[in-house]
Amino acid sequence: MKISGVRIVIVGGGSSYTPELVMGLLEARGLSVDTLTLVDVPAGQEKMDIVADFCRRLIKKAGSAIRLETTYDRKGALAQADFVLTQFRVGGLAARAQDERIPLRYGAVGQETVGAGGFAKALRTIPVALELAKELETVNPNAWLINFTNPSGMVTQALLRHTAIRSIGLCNVPITIARTIAKALAVDPEAVSLDMFGLNHLSFVRGIYVNGQNITSLVLEFLKNPQTAVANIPDQQWNAEVIGALGMVPNPYLQYYWNPGEMVQRQRQEVEAGRGTRADIVMKVEQELFADYRNPEQVTLPEALMRRGGAYYSAVAVMLIESLALNQRQEIIVNVRNGQALPELPEDSVVEVPAMVDGRGAIPLTCGPMPASVRGLIQHVKAYEELTIDAAVTGSRQTALAALMNNPLVPSEEVARYILRDILQEHAAWLPQFA
Amino acid sequence: MKISGVRIVIVGGGSSYTPELVMGLLEARGLSVDTLTLVDVPAGQEKMDIVADFCRRLIKKAGSAIRLETTYDRKGALAQADFVLTQFRVGGLAARAQDERIPLRYGAVGQETVGAGGFAKALRTIPVALELAKELETVNPNAWLINFTNPSGMVTQALLRHTAIRSIGLCNVPITIARTIAKALAVDPEAVSLDMFGLNHLSFVRGIYVNGQNITSLVLEFLKNPQTAVANIPDQQWNAEVIGALGMVPNPYLQYYWNPGEMVQRQRQEVEAGRGTRADIVMKVEQELFADYRNPEQVTLPEALMRRGGAYYSAVAVMLIESLALNQRQEIIVNVRNGQALPELPEDSVVEVPAMVDGRGAIPLTCGPMPASVRGLIQHVKAYEELTIDAAVTGSRQTALAALMNNPLVPSEEVARYILRDILQEHAAWLPQFA
Amino acid sequence: MKISGVRIVIVGGGSSYTPELVMGLLEARGLSVDTLTLVDVPAGQEKMDIVADFCRRLIKKAGSAIRLETTYDRKGALAQADFVLTQFRVGGLAARAQDERIPLRYGAVGQETVGAGGFAKALRTIPVALELAKELETVNPNAWLINFTNPSGMVTQALLRHTAIRSIGLCNVPITIARTIAKALAVDPEAVSLDMFGLNHLSFVRGIYVNGQNITSLVLEFLKNPQTAVANIPDQQWNAEVIGALGMVPNPYLQYYWNPGEMVQRQRQEVEAGRGTRADIVMKVEQELFADYRNPEQVTLPEALMRRGGAYYSAVAVMLIESLALNQRQEIIVNVRNGQALPELPEDSVVEVPAMVDGRGAIPLTCGPMPASVRGLIQHVKAYEELTIDAAVTGSRQTALAALMNNPLVPSEEVARYILRDILQEHAAWLPQFA
Amino acid sequence: MKISGVRIVIVGGGSSYTPELVMGLLEARGLSVDTLTLVDVPAGQEKMDIVADFCRRLIKKAGSAIRLETTYDRKGALAQADFVLTQFRVGGLAARAQDERIPLRYGAVGQETVGAGGFAKALRTIPVALELAKELETVNPNAWLINFTNPSGMVTQALLRHTAIRSIGLCNVPITIARTIAKALAVDPEAVSLDMFGLNHLSFVRGIYVNGQNITSLVLEFLKNPQTAVANIPDQQWNAEVIGALGMVPNPYLQYYWNPGEMVQRQRQEVEAGRGTRADIVMKVEQELFADYRNPEQVTLPEALMRRGGAYYSAVAVMLIESLALNQRQEIIVNVRNGQALPELPEDSVVEVPAMVDGRGAIPLTCGPMPASVRGLIQHVKAYEELTIDAAVTGSRQTALAALMNNPLVPSEEVARYILRDILQEHAAWLPQFA
């Protein structure tokens, strides 16, 4: 891998997220991208063509020399990549809509990444991700696979456990928290450090520093009042007593763990009111987005992207690629093999923690021990994740049931059995390993 | 401590459990008990006198020379003890009834030892147990404190963390499972070994052996059909798929973790039907029991004791005392400091595992690692227990809220806040540390 | 395996140790041995015949019905065994003599089990032990392999790491210490418990209890004066300051670690004085022993056995077989897979610790953490052992050198290189893996 | 701490090392040093005055505005410090000469930081360092104490265990290795990353990367031929087989562990030839240095400094101060609390590992597990260090003996006892804790 002339491959290139990523690469000063290859399945041709054309307009406007290509020859593309970015969606938004609806039937949270919805998505996605990774292992074992595909933590753990490729998982929540704080305090984003730990969508900010100065208690005081949200989940406002008991800033997804009943109620109301689940809303936003992308006059990112819910998604991806490609030493919060970063979790777990990233990869910083106030929940969910990955790989119905019984958002073993039955029936086409 | 002439002190001696324990001691062949001292608070005089008289009849009938004494001078009694057995109940059955009712108000399980009910009991009980232990530490540091007081695991953990006394916690569930299997297979109880691990009321039998022969799969097959129950909790019958997914025999209390909604419904029905909670039923059984105890003709254990729910309670206590007093090497499942018995739990946790017990004390056998199917739940509950003990000792409302938020039977942070508010208000008399 | 009718196979049955073992089995009350099969290589025919005849006389004199057979068909014998005992010696006493001499050339301790001598023995022995174990794995996977072959800890670790058989390693040092104390205090051996931990020939008694009473400081005071010895190594007398600094009773083999220079000097003097190394002495004792065994009048164990150096060797073997065969729960100090018994050592290490032995096998008791005063030495030697096993299995000269460089009795990397060169040259016939 | 206007205090300011450090601070671009205060004991007045005058000339020549002050009021100086650098020497070079000579009497390595010499230095130094740290704790708990005082790892461990101050320990070996490689390959020092782990003066480079490219095997091949040295210890040249067995680059101090006999011989020859020990040589170099410093014409660092043996000493100190003061995120190899960086060592050990350093402090990167080829030696030495610190703090002769018996460079318990006796006698004035 030469430092100049980086070649990037985006698997699921027809995704509505791609233009933002291209924009990020155009803004990356040090990084000199040679080729950007979008890969998708033939069924996604129309979307990929629209995205590619729009991206070429963005590139042109920026006066950049990046070459943008599209292909259906995944293997060929992988063989040439320095970086492979994955953002495919097995079963599309239709399957996601189902993931959200099945649990709701039994009074359980219906969400894309946590709860039984995330479980269903993991069962569908992990085998496909592994197939891709094994292909990469064969044709290009030194490439980096940067995984955005949700549930990002579980998919990355499956990749690191079952293949030899070099993979790092990303999520935009940590950078969103950091940038929100930087913005609020009007300081350089570089000045903010987060002492953050946990799992993807189950993490906690234990310390917040500006130029090394600990401002955690200041932020906690602020948090007890209205605060920032992540677009993918409803606006949350933490209860002041809860924040006081915790002494940490929770990942917005904690809302689901701490108020599942309320979340179920809201989701049901949305569905009953005809507004559908989050998947249905995203489908509408995507229509708007693609209308914008299709418009030949459109040479900037459309405003609707904000509602899509991927704030700073490209920012963190570009930071990561810069560090890896240019041997820049940056501290980035990523999903990596635990080792002993969080000693109360198994070594081969994937965790979401700060890592020192440079040309060698992402080396997690030591960040244990975890406070008792969240340690148990994190351990519980990690056991659920481990069982889920195992079930996704082996197709064992018993392991799948054990996994669901360990998900704190599944209210009983009875509900676990019903949900599992429905998932295996209704997603059968995507779950050949259980056939 | 001489091998002959063992002196036993029972704190909470007026308990309806005492006669069964006396019966056990009378049947212990090798053990020569010199004195048995019942200690209680003056308010319990009437009950203690009845129990003492009845026990003297049992002793006389057995032709034993054990001397049975009663006293309100706890410190004086402790100073003379080789073994101190605790079975006091802070706030009595009335407080227990409250523990069961408060959570039910908010749709949460109301139970004496698990869920928010066990939490309330821990807050009341731990300071009193610590006071007793510190007294013992002062007057008789080499005595053994054998703890039955529920929640037995948490109380024992508090004793071992905050005092220097020698303490072992007991529960009758493990021995009940072992004896039930021995009876079913018509083998000597000694022939049965259980590979059992976890926490008090949250444990699992991973292996069952008869004379070293592994019969686990046989028992699991049987379990998928109707099976034995523990009197303190409703008859449970495990779902066959759940047993298949688990591959282990669960402690009966798992019913609460796996079917909380159903348990809440049953408990509410009982209350609405005027039958009250378990505390109310126990109060009635106790009335019967005391009527029997009072009867001068009664010289055997009354049949109602079976409904009281302490099967094999005396058997395990006597086994433990024999091993300690006579340096008999027996394997007994007890609540002890973890060390590295279960390496995925903190070292200073108390766990319920097999231990080699002899004159030195209870040395836990190594029994890790735990299977992923239950590891996370056990870790989660242990974090809850750690926070609860901390709250009970410090009186920190924040820590108490963090504890309740970590109890898997408390459905949301909102419910946690309501239950905590009610407990602190309604049990204020028993919770001076929160004043 | 029926409880009556135990079938025992001794591999290396022509060993001079066999009669003592037979005597132990004859004295075991509860155990009913059906058949005892001696297996050896054809080259050992004469010795095996002598031993077998002598053992038959012992059996006859005891009025026992044990059938004693001899065979060269190892596989056939293994297929019928309940217990396989190994006491073979690859290369015989001649190779041992060489093991003792090579290190001495370079000023290093020359000993059969520790230092570079033990290293050479491990390289020769482990492949042969693994071959035997794999045979057993195939024909009789449920049999117990009880390993006496030295270096017992390393051989057992190799067996447990590289095969699936059930194996327990034994040494007579722990039982010798316990029995010596029992004799000195005139108490029942059953009354003595040792809190002992470490590795084979590198262990420490942290606590000594008689009927649960801690008498450690008493024994330590006594130790500062002359004390008992183990026949295989010269009489040692611990320095009082050393015992004071340690606060524990060291395994006699610690002499080598703490006074290597003095041991080398003594060994050299013996050789220069024409008395040879320990192997030479043992050869002479063996001649005497076989003369006695051959004598048809001899129907008791000859006195010379005491000088052979295997005190209580049969006692611990019989205890172990009884516990396993009769599901007796006994605490025995054995060489077993560590797990978390000693948490500062790798989980798949073999350690020498107390275990609860019954029909299921040997379950180690938790016994960590180790005191800093010996922790480091034990960890250092365990790393050496791990490397040695790895070298023995792979035949890697690099790993072999790394192993020797980690043996505290090898004074420099230069000496390590010379010794390794000599071992590989002079034992080449026994070390095909390095060819 | 404001980013501009950094105040640095050097305890032991009269050291010959001070001018190099001043030079480093003058060259640090981003860092704006306000005041530099040299603190020493009155007995060191002459040396401190010479050093201060020379440093002022250096500052003046550089056109810098740094104010350089001297004082004997340590407490007053500490109260004003942002950074405290320690380089005092308890007992001076005379005590060091003794440290080097005592072990040589008994055939053991005599060296300032490893072996029994380092042990003696630790006993003298730790109480003084703790006294200083407790003073800092009282007057200025947020200041950083950057420790150079040898044995740097043990002193830093004592500081972190027994006080609450913020302390980081430094050594110039890691940076020397990195810079030597950068120079050899003619690449920017920033491009080189070392995967290095272990303890101070007992560390290993497992991986060497240039711009993320792994060049370890290249360097190892080179190492099998003549290579670079560290001035404080004789030129070493690693044996090619040793490097092959290890697969890592050893810290130059490993020479002492792997060839103690040869090192003793060389040291004795030096002494017998009248050239004295290293301390004697350093005394001569210091005389030269002070002659140069005293010379009013001297406005550059004298050439003799190179022979003093502190290459890159100022470079690493300045890097560290920059990262801490300016919240620069740099990876620096430092001595820090282990936590789980090296999971096979105790959590509260100090280890020498890469850390991410910024305004918050030094956060160690995860870097376990250690290869078996060096794990045991490192664990052994860490146990020795732990015991030594304990002995230095408590003054326990028993613990001191246990420590020495665990030092791999002390050949027997007998020698340990003699050396300990001599140290306690001959350094009695500096060891009041043992009185």
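Before moving on, here are some points about what is shown:
For clarity, chains are labelled A, B, C and D in written order, and residue numbers in each chain start from 1.
Everything that follows uses one rule, which is that contacts are C-beta pairs under 8 Å (C-beta built on N, C-alpha and C of every residue); 3 or more make two chains touch, one makes a residue touch a chain.
The chain list, named the UniProt way, goes like this: A, B, C, D = Glycosyl hydrolase family 4 C-terminal domain-containing protein.
Just so it is clear, the structure is predicted and the values come from calculations on it, not from any experiment.
Think of each touching pair as a link: the shortest run of links from subunit A to subunit D has 1 of them. A straight line joining the Cα centres of subunit B and subunit D is 56 Å long.
Between the CA-based centres of subunit C and subunit D the separation comes to 45 Å, rounded to the whole angstrom. Subunit D has no residue in contact with two or more other chains. If each chain is drawn as a node and touching chains are joined, the picture is one closed loop, every chain linked to exactly two others.
All chain pairs that count as touching, in label order, are A-B, A-D, B-C, C-D.
Residues 3, 191, 193, 195, 207, 209, 211-214, 324, 327, 329-331, 339-341, 343, 354, 356, 358-360, 363-368 of subunit A touch subunit D in their complex. Residues 239, 241-242, 244-247, 258-262, 344, 372-373, 375-377, 379-384, 386-387, 390, 398-399, 401-402, 405-406, 408, 411-414, 417 of subunit C are the ones that touch subunit D when the two sit in their complex.
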